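Structures are listed in the sections that come next.
Common to both upcoming complexes is subunit A, partnered first by subunit B, then by subunit C.
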Partner chain A sequence: MDSQFMIIIGILLGSTIRYTVPILYAALGGLITEKAGVLNFALEGLMLAGAFFAYYGNLVTGSILVGVLCALAAGALTGLILSISILKYKASQLVMGIGINIFYLGLTGYFFRIIGSSGAETMVDDLLGSIHIPLLEDIPLIGVLFEQNILVYLLVVLVIFTARFFNKTTIGLNLKAVGENPYAAAAVGVDVIKNRTLAIVVGSMLAALGGGVMTLTMARVFLENMVNGRGWIAFTAIILGRYSSKGVLIGCLVFGAATALSDIVQIVGIDIPYQAALMVPYIITIVALVLSVGGGNAPAALGARYDRE
Partner chain B sequence: MSSFDSSLSRRILRMRILVTGLAVVVAFLLGSALVALAGINPLTALRYLFSGALGTRHGIGETLTRFIPLFLATLSFAIAMKVHFYNVGIEGQIALGSLGALLVGVYVTGLPAPIHILLCLTASVVFGILWLSVAGFLRFRFGANELLTTVMLNYIAIYLIDILVETVLKDPNSLINQSQKIAATAKLPRIMEGTTVHLGLVFAAIVGFIVYYYVWRTPGGFELRAVGANSKAAKYAGINPAKLIIIGMIISGGLAGLGGGLNLLGYQSRWVSGTFLGYGFDGIGAAVMGQYHPLGMAFSALLFAIIRVGGGAMQRSVGVPYPLVHALQGIVIIAVIISAYFIEKRTEKMTKGGQ
Partner chain C sequence: MSNRKDVILEIRNLTKTFPGVIANKDVDLDIERGEVHTLLGENGAGKSTLMKAIYGIYGMDSGTVKYNGNPLDAKSPKDAIAVGLGMIHQHFLLVQEFTVLENIIMGLKADKGIHLDLGKHRSRVEEIVERFEIRLDLDEKVKNLSVGMQQKVEIVKVLYRNAKFLILDEPTSVLTPQESQGLFGIIERLKKEGATVIFISHKLDEVLQISDRITVLRDGEVIETVVNKDLRKDDLSAMMVGREVTLDVDMPEVELGPDGLELDKISLVNPGGKTVLKDVSFSIRKGEILGIAGIDGNGQEELAQVLWGTLKASGGSIKLHGSTVDDLSTRKRMDMGMAYIPADRKKEGLVGTFQVSENIVLNSYYKPHFIKGLGQDFGAIREYSERLVQEYNVKTPALSVWAKNLSGGNQQKLILSRAIEGNNDVFIIAQPTWGLDIGAIEFVYRKISELKEAGKTILLISTDLEEVRSLSDRMCVIFEGEVSETFRVQDKQVAEIGLLMAGGKRREE
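And now, the complex of A and B:
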């Protein structure tokens, strides 16, 4: 193995992680919502909201933490609006998702232009520092995995926790119950509306944080429509991952790796139109959807309207 | 009895229009609050919105020009929804429809105008259908969820056209990445002097009527609606759901493609790399607002066209950033879908009260 090859592998691994992390946050958020029986079509808009408000919070205060909190707050607020309209006013989950997505496409672009910022002077200046894990970071090839920022490590913990959460904790089991059969769950005293609201709000916060990761640690600046379909890719990753957090992790990694690969193709100078490289994640998504069909494993009451008797 | 029924249904219709109108007013109030956040007087902004879109002959022309592809997008989404096919890929089908019209409009020459136009539009319809068929094929052959495949196909369509326009279709005499203009014989004639309104408006109106007639007034349309309402019962009645879903899909893709074709032949005349029309996404919102009925959707498509043109006027006159248009459309969609709940409750009450 020559050193050039090693360097390329290193870059590939590093950018795979960078591309995977925002999608994985959103997909985990979507997974929690869907486990409780509600489809979250608003992941795209939630990511955009998180991306903008994290950027803005950081811009105003100079604190990454405030940026993260702003993204979470935007997610929680949107999650509440989604919960009320879907659970109380029986709004279609798809239509609410479309509405939220169009709304945030507009709102974030509108606010971004109002604050009148563009270009380098408004960049997030203090990149979230990376935390080096001693010894492990020196391992050849995969050392890059152990010099990530705290939001990446937090995500690893979240993936592990989510798996346990749904199988071992009361709240997790209740969420699953209202996703499988809300009427049966209600009959044994589980509050369907409360549990679903919790799932939607927490899920929306995670999706928004995924967007926040994009501005705080990747682009360092907000760009209009910068999420560009990643929310939908996250949505697909949930199906590919057959509604388990481990599966969702693998699904997101596939997209991350594909995007990273299409980057490398451009960097090493293979002469194709840049749009062809940009298409890759979407084509991969379709191929993956076709290959994954048949397994299913979706919560039984996913997407169905719930009317309290 | 029947006169009583019709008076009740008239009252319900009036109530629906009233509540929906109220939701739109609430949405505009919220939009005004956003304008105020920018330090701009919302009343001034609103005045520019409406005067820009409706106050002048030119403005009305701009609004009607945008109405054409928007209205066809609403019809496309509604037909697909009738058979429970979630066509979120209208944006891509409009782009492909534009491409079809562009190819025939630029590279086929020497035809008399009407024939050239019809050939272009046929190409746009076929391209729209073919692009949606990709999602249709994946659903019927592999069971892949069409909502997601059509979303992905949107991105792929737009990148695909840009690649073509920057390479094989690039205008050799142009410095920027754009296609050649379509031939003069392919251009749809303007129908309102001093404006951009073109013959496509007439096409859109006729197509809207045909769709209405087919879905609500023919046995075929009845079967289509039956499948959407209850596919199991429809099966018992001897209706083949798969066949009707395919019919709905073909009409949906064709309508979206036609919208793209009309817009290209009547308004754009060429494709510039990086173009994002957005009619497909807006059309879905407008279809929801119009409650999937051609007449309701004509109104909502018109409202969305007004917001678009008025949004441009607000930006030029008082500096309201253009993306407010999308924020406002999002609020309108959410307000209208929530108002549907109150309409449902109220309708229940009115029907019960009448018995």
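And now, the complex of A and C:
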């Protein structure tokens, strides 16, 4: 095999992971929320909030950990606001979600301009280091998979955990019951509001962390609207992934790979308009998901409001 | 005398209102330990509401409940379950997408940690299922179960939680007499083990059979409590409705017309590859009622759906008024005068979160007389709904109430009214009296006889053999997707029909 090819594969795999990780965090978060029967339209805004606050926390303190915590806190707080408005005050899930998206688009853009105009250094220097897994990292071609940063490994654990959570734990079963038929769940003593609140908060934290990953380990800087539709890709991945962790994983990976591929195409200089190249990942993702898993399987009570009788 | 009683549940001054309705008014009730206590009352009398208030599903406006001498102020079912109550709801509260086993164990805590030990649960559930001789496939998804089977899941759900005080809200309304006897066996057994049971049913024979005491509710108030001794059915209906009711119907003699509905070798294979219907053939003439008896889950629901066009037959052909409708949509069949009263009113009959009037025009909103300009003629819809609600005695505080908030029997009346009043002439009627009080049953039987008199074609599907026998001209029995020869009702003995329903004929062959 010629070495140039090897290098290209290496780059491809590496950037597939980089593109996949943020949306997979968000999609997992969204999945947890939706399994409990609440539509999560706020993924885009949550990612944006996470991206900004992670960046800002890191910028001010110089600590990546603080950055991560800031993203999680922003997610938790937003999740709480969503929970209260949707569950207590019966606000529309759609309107609240879209509202959050618009809010954070404005807020983060505004804050960023303030920081930028203060003349301070806006680039965070400390990137999260990679953890090399001995031996595995030396495997040709796929070795790159084993020299990732901790947030990537954490995500792998989370994906496995979520799948197990839904299928192999009592609380997972209860959460699914709440999403399928909250009245039936309540009748056997499951606290619907508590379950939904937890699902929204945890889901929002994960989505925000997905945004945080972008500024902490990839861009090193915040840019206005830098999430740029990734939240919506995550949202789509949940639907087309048929509301399973596995489906969501596949969906996000396909998107990551397609994006990576379109980069390569541009770098290698194949002659297609760059707008078209940018469009390709979205098309490939949707086609692939529709072909592989199709839609359907949504929790029966998804999006429906719940009134204690 | 009262001091000798061992009261396990004490209700005092319980009042519960909904906007526009007093569902329970100053209810006082004592339930004694170890008894089977039946609540009797017309549709909408407030039986279910009273139970839900105790169980923590509804908050009550005022009143107190004591259980075992301690105040029971259940804020949610969790509190009630914690002290040993278990309730089977009139409308199943099951997760359709879950398996039977998952439905039974949902809401339970793990013995240790959060690990879901399906294997352990399975063997424990199997033990119970065996002990009480209940046939149930634990791995089937609930959405594939007939209503009778779903009822059993609900029963096992309560048994599995080891409830000491059971509230059974119309558990037998969809069961066959045999199945009901099975349930009574379970109840007797539980009673011996010291359990207390509140039982709700409109079937007076059952009530007389199983109850120790009976309390009658009317318009949300307790009328009286009687000991079940030397009581007759007439006494009960008189206490309940305030007059005697007979269910003996005099079916009119009608000159039969040409075939209104013909089925030729209808068969259906479900997505799982199982044959659900096999070569079902019969025809019904105008002015005739053909009854299909059979134990629930033998293909009745599917047969009705194939006729209605919501399931596509794998083979065979259906003719309506002599013309083939196999490829026609449900809407087209409706336009040709077909009407359907489904057995599962929650799944196929109503949109729970639509208003009463919206549900009433669900099958006709698009007809010219309900259209004004580009939208609906709400005035006409209101007028029509008002008339139906009045005529069919659907108890509702307003036309704008969500259908799911009607009492079970009143939901059924709504569905009946809309099908019967729609100017239709071929009727598929499944379980028409499910959950109705006897006054209402009398009314429905009269309506069906009027349909017959008007020369309509009627297919009656019911698990209630008595109902089939007293209404039909001819009948047949469905067993495992096959129907028997049709015969005139008077030509076969009940015992013989019972044998057919159990698949007797097949076994002999």
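Here, the second predicted complex is superposed on the first by the 294 of 309 C-alpha atoms of A that agree within 3 Å, B and C clash if a C-alpha of one lies under 4 Å from a C-alpha of the other, contacts with A are read in each partner's own complex, and residues count from 1 in each chain.
One rule holds in what follows: contacts are C-beta pairs under 8 Å (C-beta built on N, C-alpha and C of every residue); 3 or more make two chains touch, one makes a residue touch a chain.
This structure is a prediction, so every number in the text was calculated from the model and none was measured.
Subunit B and subunit C, once both complexes are superposed via subunit A, clash. Residue contacts after overlaying the shared chain place A:Met6 against neither subunit B nor subunit C.
More subunit A residues lie in contact with B than with the other chain of the pair subunit B and subunit C. In the overlay built on the shared chain, the residue A:Ile267 is in contact with neither subunit B nor subunit C.
By the touch criterion stated above, A:Val60 is placed in contact with neither subunit B nor subunit C. Once chain A of one complex is fitted onto chain A of the other, the partner contacts of A:Leu136 are absent, as it touches neither subunit B nor subunit C.
When the shared chain is aligned, subunit B comes close enough to touch A:Ile239, but subunit C does not. Once the two complexes are laid over each other on the shared chain, residue contacts for A:Asp191 go to subunit C alone; subunit B is not touched. Note on the superposed arrangement: subunit B collides with the subunit C stretch 369-377, while the other options among 63-71, 81-89, 153-161 or 369-377 stay free of clashes. Across the superposed pair, subunit B and subunit C touch subunit A at no common residue. Contact residues on subunit A toward subunit B in their complex (touch as defined above): 81, 85, 89-92, 94-96, 98-110, 112-114, 224, 228-229, 232, 235-236, 239, 273, 275-276, 278-279, 282-283, 285-286, 289-290, 293-294. The touching residues of subunit A, counted against subunit C in their complex, run 167-174, 176-177, 180-181, 183-191, 299-300, 308-309.
Against subunit A, the residues of subunit C that register as touching in their complex are 52, 57-58, 76-78, 81-82, 87, 89, 92-98, 102-103, 105-110, 114-116, 157. Chain contact summary for the complex, subunit B toward subunit A: residues 34, 37-38, 86, 88, 138, 142-145, 147-149, 151-153, 155-156, 159-160, 162-163, 166-167, 281-282, 284-285, 288, 321-331, 333-334, 337-338, 340-341, 344.
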